[in-house]
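As structure tokens, the structure follows; a few thoughts come after it.
A, B, C, D and E are the chain letters, set down in written order, and residue numbers restart from 1 in every chain.
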Amino acid sequence: MKKLSLAKLNDFFAAVAAKETLYLPVNNNVGKAEYKKWESGVEMSSALNTVRSAKDFFFPQTENLMEFKMTGKSVEVFDTREECEDFVIFGVRACDAASFAILDSVYLVDPVDSYYKSRREHGTVVTMACSKPAETCFCGTFGIDAANPAGDVTVWEVEGAYMLRANTEKGEALLASVADLLEDGCEKCVEEAQAKTRAILAKLPLAGLTTEGVGVGKTKELFDHPAWASLSESCLGCGTCTFVCPTCQCYDVRDFDTGNGIKRFRCWDSCMYSDFTKMAHGNSRNSQLERFRQRFMHKLVYYPDRNDGTFGCVGCGRCLARCPISMNIVKVMKTLGGKN
Amino acid sequence: MQDVKEFRPKIVAFCCNWCSYAGADLAGSARLSYPADVKIIRVPCSCRVNPMFILRAFQRGADGVIMAGCHPGDCHYTSGNYFARRRMTLLFSMLDYLGIERERTRVEWISAAEGAKFSKTMNEFVDTITALGENKRLEDLRCKK
Amino acid sequence: MNTETLIPYVGVVTEITQQTPDVKTFRVEAPGGGKLFEHKPGQCAMLSVPGISEAMISITSSPTNTEYMEFSVKKCGCLTEWLHAMEVGQMITVRGPYGRHFPVYDELLGKNLMIVAGGIGLAPVRSVINYVRDNRDKFGTVDIVYGSRSKDDLVYYDEIVNEWMNTPGFNVHLTIDNPQEGWDGHVGFVPNYVKELNPDLDKTVLMCGPPIMIKFTLGGLMELGFKKEQVYTTMELRMKCGIGKCGRCNIGNKYVCKDGPVFRFDELDELPNEY
Amino acid sequence: MQRIGVFICHCGTNIAATVDVKAVAEALSHEPGVVFSTDYQYMCSESGQTLMREAIREHKLTGVVVCSCSPRMHEATFRKAAEKEGLNPYMVEIANIREQVSWIHKDMKEATEKAVILGRAAIAKVHLNKPLKAGESPVTKRALVIGGGIAGIQTALDIAEAGFEVDIVEKEPTIGGKMAQIDKTFPTLDCAAYILTPKMVDVAQNEKIKIFSYSEVEAVKGFVGNFKVSIRKKARYVIEDKCTGCGLCTEKCPQKKVPNPFNMNLDTRRAIYIPFAQAVPKVAAIDADYCTMLKTGKCGVCSKICAAGAIDYQQKDEIVEREYGAIVAATGFNPLKPDKYNEYGYSTCPDVVTSLELERLMNAAGPTAGTLLRPSDKTHPHTLVFVQCVGSRCDAENEKGKPYCSKICCMYTAKHAMLIREKYPDTEVYVFYIDVRTPGKNFDEFYRRAVEQYGVHYIKGQVGKVVEENGKLKVQASDLLSGEQLHIDADMVVLATAVEPDKSARGIATMLTASMDTNDFFTEAHAKLRPVESPTAGIFLSGVCQGPKDIPETVSQASAAAAKVIGLLAKDKLTCNPCVANSDEMLCNGCSSCEKVCPYGAITYSDKEFRGPNRTTLIRRVASVNEAVCQGCGACTVACPSGAMDLKGFSNRQIMAEVDAICKM
Amino acid sequence: MQKMMEKRALELLGDGTVNRVLGWSAGDFIYDVTPAVFKTAEEVQDKFLYNDFCGANLSKYLVKESRKEGKILVFLKPCDTYSFNQLIAEHRIIRENIYAIGVECFGKADEEKLRAKGITGITGIEMKDGTYTVHTVYGDETVKAYEVMADRCLSCKSKKHVAYDELLGSEGEVVEDCNRFDMVEKLEAMTPDERYEFWRGELSRCIRCNACRNICPACTCEQCVFDNPNSGVSQKAAVNSFEENMFHIIRAFHVAGRCTDCGECSRVCPQHIPLHLLNRKFIKDVNTFYGEYQAGENPEAKPPLGKYEKNDIEPGEAGGAKA
């Protein structure tokens, strides 16, 4: 455990940023937190979390995959990816940190997605324990401890200082590189801070939310559940929940004809979109009910089925705050039998 | 000497078949020149010009887009240019509102008999766009070499 | 397998055969000749014309063919239209192979097989048929029940008549939906024909065709006493990435492109009913 | 993937001198889909077309791009050639590398580059072209002629002669037009009335011709072969069928002080009148502005004396709907009113007259019964000064006049001068001119007779000022040849005022959707090759409405227009423009946005059943386009937010493909 | 109000006038209200809610719902009635299948404004006399309703219902000086460079979730051009600044003259982009150039882009550098 006096916070950021790109939550022009590159003068946001999740760092909304040149009947392929450089993300919350494991379970299993892998290898995640969770938080439901997030380094804020704990080699290396700014940390202070946070977590309205009714082996039982009709009824079929979700990982691959060649890129896609499963000979999910069901079944049943019971949701609460019609995974879980 | 390549704008001109395209033909017959930077796309009527085409041109690298049609009241289809006029008025105002240079887009009414006006308009427009320089605010970097 | 899974190979189309009015078979080779990669019967590859689209197409040639791969494509949608319009010498991109193959290396060994196919559905199982022909000693008898709307819609007709029908141990049963001049073979739908044929229960069935055919054939087989464990099918669902990541082909806890497209019917029972 | 052939035309040296045609052919040969690319001397020639047809056959072309002159010139030529070879004509696109490249650019490199880019755009478009099939529409076998002057009369007679029905709509109570007002005609000096009135009678007697006199075109709908026209028959308060034209009413009407426009308001007529003795139809009309009965309800003289009982003070304007296959504009002209030319004193001095006024003053049926008398004091003028080009050939900046030459003034002035000198040898006649223009059969001879035989003083120079002083018109002028300033005391000054299109022409052009030039003359489809057709299909041009003309020219053009109309009406069916709007029902929302901007009412809606998700059915309101009525403007395509409405031949994708090709870096 | 609405809903369901009720359904927190179709009296009694957080415009749901079997009751706030009328004008909803009850509205609250005040961990809100008492896990907070009123409601254009079968509560008036164009004017007064920076700053946050489009009662296309692979302009993500601009310009253009200024686009934007400022620009321009026009006010009125005047302003005279 190391300690960083908040007075030295800027020096710390400067030192990290001197070696690699440092990203941290910053308030944008409408006062909402988003990850931005640290530069001198940039202040960290005090918001609980960013509007968009931290998945962007490893799974950006759009990314170029390759290019093609077509002349006459011939086709040439060019791998145009840019080399990924080392970077640090500072201030990731427990929920988002947990989401990386979920993304890994998709992108790092065979066949490995090299685009994702490269960014994952080059990124160091510094997490920040929560001290003021919101009513929309329910990470505890999925066994995530907001007071003790994962990540390469974990940070707790205690009076006037950050306590930092390296959890991985990458984390050790990061702390070592700024060792001259750090002092010895205080385990007890961290425990106190954690206790405080956990006390608040227990009082949150969704603290008692359980995963009863969903999870492994529930496919047959839930797929034809009558509640899907009313749950999905007012869904707009937009991609808001998907795009703010830290664990949604579906993508589309598209080609763009620049006039001088074809750029093939991938971009986020949403299973809520009506064309998600549209193919040349039809669409296997024609109604919003089917699409809505897919999204929640995937997170709450199919994913756990494939991943030893781990849920595809980390309880960050973004979809609760952002859904235009306030339909969300909590309402779904409760309707399907979850207790609160 | 600096090795600066002279800026030659790319200009797309949408011309209605009945008046302005014929005006361009007349400019040609009369050998009234205008810069080669102007390339004409023939449309049946100015009302065929979709704002999407104009944005598309900017995306693909145009530096200026001009739409030319029959004089109001002279539309071959009676009313096409009146609708086009409203559409373009609103679109141009919106582009301006977004801070995109107002001068990059223009509408002119040029009749089949106005070869001279066609040539003059195109010369002027090329000058305007050359002075403005490259379109940066509505560019799509993917389409640039 | 290509390490950069999304980056395709470039292949040259060296021969185009018009199979039916809306199906063409494309022979694809590496630019320097030879196959782009090895595959197993039932696997798919992602064909693409950059700027048009990508589509998952089953590899219809047998892995025993050492010179080239073949893809049979039915015209439906912009990519397939493009492919149908192209000429020999055109390059396209190919990546793969993807998906689970028919278990010709283990479970099917020594078995009597019955292949049931409808329309373009013969394409994915053709690789099995020719693999079995080339490894005749490893398998038992092969019954092929194949039907289409009309005689003109039967794919690989010449190959069926000239080669499959002359292969020892092979029994080919062709049918078309409606009577047609110049056709003296069986007339009727595939599911009914299968029932008429009343196959022995020792057969393992590989099935591919339109969903309605699959549904009724399966029902018929169950009635005859077949078990779902004896019946395999291959599913055509639009797959985008082919590597189980993009999420499009997810059904229940399976990804068709990774866990399929070949499934045994008892496995499909586990899945929600949306395939 | 299309198989495209590209053909670069040299157009002799018209293109090849500025554009490296070989380089263009070479560059375009590498474009996707191009399987054949070549250049040729004259693509539009028989052998050029053969070259194209052979290539279509040999290379199994599915699309053709011709880089040549404007598509307005030869698109039809090349499309026809392609069609002969079995290729759908709409698979042919033209890249305009003459009018838009070689004729306006000098630098070969630049011109060649641009030609390549325009060629690429055409290729990109052809890739998305689809074979189009033209529909057919029936032809209403009747023509409408707007204007009953000599142009309209001749056109109508010729059309009727061919056996087709013709309606003439004339805004005045009689046909005859300007020619009826003219005394003698140049260069033969025969009497206008002698040659015009028999034609007017022919018109009246021809069963195929129906005259709507004192009527105006109110609205025009439809399209070539199928026009629907509303004609407003203005109330003339005289029942046409009953009036015998006896003229008694026009003598007994107590309201005598009505200016007489037929005599250029140089005398007066009654409130009920027949414009002139030979009027056709010879039916009286009441001038509502002056009729005491209509204004005050007290009088009724005409009604009382009319034995035929033809007077109807209650008559109202009547709208008649008629259908036509073709419409001829013969709206004619008016002499410019020179009231802006204060220097000539027209507005202030009664003895300054226009040439047409002079015609009336010399006409036996005119206000002076043919004796030339000064309007001011009815005395015989001894010195006359003619001023040429009043309002003609003005600088563009001059807002009073017209930039063009009115063409007929030189000749009629020579005629006037000659007639005056002939009849009144004691008069001195001066003509001030800029140039004397006499191109025409026997024209120059005629002019020379005026100068040589009749001693008319032709002075190249301009009149600066005309002022009235003690009954004389003091004319200040300059003689450009001698450089002298001249002062002439004239008794009369005659202004050869410019010819300008009739004021009604613009409104009519708008209704006909025919285009006009800046001077309000109708634009012809092609200045040389299609001079009697408007660019708008089914609209033809006859007489001065297209540009200044003398009588023989007018008559020739009138007959030419008639020939074109006859050619059109002789067809039973017309091929429609296949480049029409098309609604994709799967995308249509039925919101009616498109319908609101369609000028032809070509879009209708209906409820249709569609397959919804999972075997449900949905009923949706969707648009459909009447292809025979749609003219293909494309207004609907932009009004449609969903992109359901598109235009064949100019689809969104096609235009964007052109944009892409042109802007390509 | 909620009581009255519930009562009418139960009555109309009970007497068979309607077979469904389109309203708002209570959520876990007081503000997370979901539009819902209630089919039974029990559902209404159980879940029906009308409070200061019922901002969602229900009119668009009628595109689907009015095509179903039987009549549906819908509750419409004043601004929703404009969208309702506009949808009728465009033949998108079937009026005969709808029983519309106008409900009064004095402005809706924006929970984002509570969050902006640092209020979090909300466990309940009590609303009384224009004051909200917010219970949170961190203690109670009180705020005045107007402090957290949605921006769109602060510049409400009309409290008048332009269409209904029945009205509950009081009828309001069109707000003459609603100041809704203030921000547009402010932007217009900026230099082009400033405007460009402003919009880049806003639109660059777009994640193309399509929430603005999908909530918009004017965007009811069977398939949006941006979703149609055959349109040539389909986009799935805002790949770069051009595509961000393109999408929002074209979307605004497509709803120009049709947008009723209900403000839903800005309400739902997860990135808080003030999208309504684009629509309002068009509304303001239409008013200035072609005379006052309020979409949805009169379903018979010809839309400004569906008509013209011979002496309309020339494009060259619109916008441009301010003198």
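To be clear about the criterion, a residue touches a chain if its C-beta (ideal position, glycine included) is under 8 Å from a C-beta of that chain, and two chains touch if they have at least 3 such contacts.
Please read all numbers here as calculations on a predicted model, not as lab measurements.
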Chain D and chain A - chains in contact with each: B, C, E
B-D or A-B, whichever has more C-beta pairs in contact: B-D
Chain ID, smallest distance between chain and overall C-alpha centroids: B
Centre-to-centre distance between chain C and chain B (centres being mean Cα positions), rounded to whole Å: 53
Distance between chain centroids, defined by C-alpha means - chain C, chain D (Å): 69
Centre-to-centre distance between chain C and chain A (centres being mean Cα positions), rounded to whole Å: 39
Euclidean distance of C-alpha centroids - chain B vs chain E, Å: 36
Per-residue multi-chain contacts in chain D, two or more chains: 597, 639, 652, 656, 660, 663-665
Multi-chain contact residues (two or more partners), chain B: 51-52, 56, 60-61, 73, 79, 83, 87, 142-143, 145
Chain C: positions in contact with at least two other chains: 78, 87
Interfacial residue positions of chain E with respect to chain A in the complex: 27-29, 31-37, 56, 61, 115-116, 120-123, 136-138, 201-202, 205, 207-211, 213-215, 227, 229, 236-239, 264, 267-268, 270-272
Interfacial residue positions of chain B with respect to chain E in the complex: 51-52, 55-56, 58-59, 72-73, 79, 82-83, 85-102, 105-107, 137-142
Residue ranges of chain C touching chain A (in the complex, touch as defined): 1, 3-10, 50-55, 76-80, 87, 89-93, 236-238, 240-241, 243-248, 250, 252-253, 270-275
Interfacial residue positions of chain D with respect to chain E in the complex: 586-593, 596-597, 605, 618-621, 639, 641-644, 652-653, 656
Chain A residues within the chain C interface of the complex: 65-66, 68, 70, 73-77, 79, 106-107, 109, 111-115, 219-220, 223, 249-253, 255, 257, 262, 264, 266, 269, 271, 276-281, 284-285, 290, 294, 297-298, 301-303, 305-306
